[in-house]
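Got a structure here, written out as structure tokens. Questions coming.
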Amino acid sequence: MKTLAYYTRIYFLIVSQYLKARMQYKADFWISSIGMVLQCLMGYFTLWILFHSIPALAGWRYEELVFLYAFSLLAISPASIVFDNVWSLRFHIQSGAFIRYYFKPLNMMFYYMSEMINIKALTQLAFALVILATSSISLGVRWDLPTVLALLGLLVSASLIMVGLLVLSSSAAFWIVNSYSLLNFFVRMRDYARYPMTVFTGFFRIVFTFVIPIGFVAFFPSQAILRPAEAGWEVWLTPLFGAGLFALSYLVWDRGTKAWSGTGS
Amino acid sequence: MPIIEAKGLAKHFKVLNRREGLGGAFRDLFSRDYRCVKAVDGIDLSIEKGEIVGFIGPNGAGKSTTIKMLIGVLEASAGTVLVDGFVPYKERSRYVRDIGVVLGQRTQLWWDLPVIESFKILREIYRLDAKAYEENLGLFKELFSIGDLLAKPVRNLSLGQRMLCDIAAAFLHDPKIIFLDEPTIGLDVEVRSKVREVVKRLNEEKGTTIVLTSHDVGDIEELARRIILIDGGKLLYDGLSERFLGIFGRFRTLRLDCRALEGDPRERISEALAEAFPDQGGPALGKSEGSWLDVVVNQDRFALADVLSFLMRKFSFADVKVEEIEMAEVIRKVYEGALR
Amino acid sequence: MKRYLTVFRASMQINLAYRAHFLFLLLGNAVFIVVTWFLWKSIYAGREILNGMSFERTFTYLSLAMSVFVLLQTWVEWGMSQRIISGDIVIDLLRPLDYMGLMVSDILGFVAGNFLAIALPSFLIVVFAFGMPVPLGLNLPLCLVSLALSFIINFSIDFLVGNLGFYTESTWGISITKEVIVLSLSGALVPLQFYPEAIRRALEWLPFQAIYSAPINILTDGGMGIGAMLKTLGAQAAWAAVLVLAARAAFARASRAVTVNGG
């Protein structure tokens, strides 16, 4: 009986042990966290510098863009923290070490992802929460129950999109040897989620909304919260894209595990 | 009712024929040319509960592919396979609950964690009740003497220690079948014998069916009552290991270091042997590797000392070693009809 | 002559195997250029000049800067780190070859591939698809010289950072910190003209903008005379010399610990 409780218990056990083991590497923890903070600050600093020269970007003010940036980081966090092991996938596949994941009565994606959590991404999460809080205070966002629920719902959907894209782009490793470039491509796309979709027009607007759906990761959700009057039908597509992309990525992953073992090493 | 049953088991692979040259590389972009490789070509198996069966055979000749189909990692192209009542590939997650797998080269424990923590996680995964878990743990501590190892992280263990822990981990949930793939590879003599002892005891105590693959004749000798030889995707021998080893166990390989001899000494040595031991099945040349040349001797027919002293009188070898017969030689002799 | 053809053919075959790899890197860069165009069009919002830079100039600069970044991205510090962690570095140190030189020749082919597959097409996209004006003359070959110097500067920085791998296993942290510093301080994400005057002046004393602005200015600045170009190249060469020496010194010091203590 594979219940949610069963998987939660196992995940908790594996992760707590992993954290205990990693805590021995104190220097690595600090250096990684500092690196992460610097990366976040760079994004923040870029915005800050820019707004010394302009009053608004596509009609969006500074605090709104900070909110947008924060939301995009929050949406990336679950993928970064929980699914980070995908970056090692191509090494495990090439060396054949991946075979061990077939032998336990556990869902293979769960088992593989549970092997590590990305501790430094927690720093990113903390940073994002802080600037989300400060920008929403500056903007006077009223956190009543409907708004909070909307935020959470949209965050979950956006996170699913991010997870889906991450798993999809890393699953190429099951078929192609040098698949790093696809993951690299995805990471670069991910960085654009912090910009308002209104800067794009025409063909590219469609591409970034429907083909590489980064618009749904931060912009449309933020628009729904900050400028509800402007928000259109796109907001309602966010959960659909989230669920759909995640489901697709799981299917591709599953096919990948069957395909790889089929070539037998 | 056998616990493992396979009929006409086959596995075909589509292999890409890479075309040569620059033009070929371009053509490969547009049309792909495949050939069909029969890695496993119609194998029948029937293994009863509690047996220890040794699978032997050269690498890349269908042995590992067959095992993978039994474990459920590969889907059979043709034929049927039923293990423990399951079709392994179709119901992986449920099927895997009752088997254990030990891979010689890789650990299944969590690398950074102390061994005992890995066991605790396994206890959760297999939903073991406290009593069964503690009993097994006690048994392993006693059998394997791993009591002091339990607190160490897996990465700090030696290869032998890690192998023992991996075996313990595989038996922890009292599986019905255990697949051991090259369990003694890279281990020194003492640990190798410990591993064999442990596996034998656990098979006796728990009645676990054991499917063993190994290149080591010693593993087969000590553990497997039954041997299955797979080569070229086909089953060449399925019977008592005693009989099999009886034929081949009496063979010894003389390894001769020929670096002091002029030119290519193989023909001269071969002629000399044919002259001195003219009967059929006399000492014959085996493989040569670098400056070493193998001579295979059947001790049932010729005294090893006689052959050795003859050769050493005729030729001055830099060094001499005596070893068991090699698997590749065994295969060759099977094809030559040694089993008939 | 026939031998060179054979080698060329063989390396082309290898390149075809990596076609997917280069395709995605190029695609990634192309998308960046498109996003940059849209983003900065919005930032300019119809204005002619911002901080003394026209939209065309800003767009060209940022697109080419990112192309240079991708061109020079060799992950040398990662390679070094892995070999240090695995202990294989000892093998490299025992060889009678110069380690730094070895690394350079190793990745030079890779960078050449990057140039042909990513940097050059990106440049062509900027010039032809977006119609950005680029003068044609002596600036083209001098730009290539400048890029070579940029490579040396960038590689030396990466190599210097890679030496930290002798002191800590935290490769990601070091690498990302280096990337953040290089990108921010070289004006590759936001042109330096947008920074406050004081910071800008301070940054001009650092080698980072010598990696990006030097080759780009030589290539695109129509108003730059030969004299000015040579001066820029001279400044780059100076930085290159300093950093190469620093990198070698750091490596000698760090690796000595390994050879003395034995891994």
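A, B and C are the chain letters, set down in written order, and residue numbers restart from 1 in every chain.
In this text, contacts are C-beta pairs under 8 Å (C-beta built on N, C-alpha and C of every residue); 3 or more make two chains touch, one makes a residue touch a chain.
Source: prediction; values computed, not measured.
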| item | value |
| --- | --- |
| Label of the chain whose CA centroid is most distant from the centroid of chain C | B |
| Closest chain to global C-alpha mean, per-chain Cα centroids | A |
| Distance from the mean Cα position of chain B to that of chain A, given in whole angstrom | 44 |
| Inter-chain centre distance, chain A versus chain C - centres from mean C-alpha coordinates, in Å | 28 |
| Inter-chain centre distance, chain B versus chain C - centres from mean C-alpha coordinates, in Å | 51 |
| Contact set on chain C toward chain A in their complex | 18, 20-25, 27-28, 31-32, 34-35, 38-39, 41-43, 45, 50-51, 168-170, 172-177, 180-181, 183-184, 189-190, 194-196 |
| Chain B-touching residues of chain A, taken from the complex the two chains share | 2, 6, 9-10, 13-14, 17-18, 21-22, 96-97, 99-100, 102-107, 115, 258, 261-264 |
| Complex interface listing, chain A residues touching chain C | 25, 27-28, 31-36, 38-39, 41-42, 45-46, 49-50, 52-54, 56-58, 120, 176, 178, 180-182, 184-185, 188-189, 192, 195-196, 198-201, 204 |
| Complex contact set, residues of chain B against chain A | 13, 39, 64-65, 68, 71-75, 92-94, 96-97, 99, 101, 103, 106, 108, 110, 112-113, 117, 120-121, 124-127, 153 |
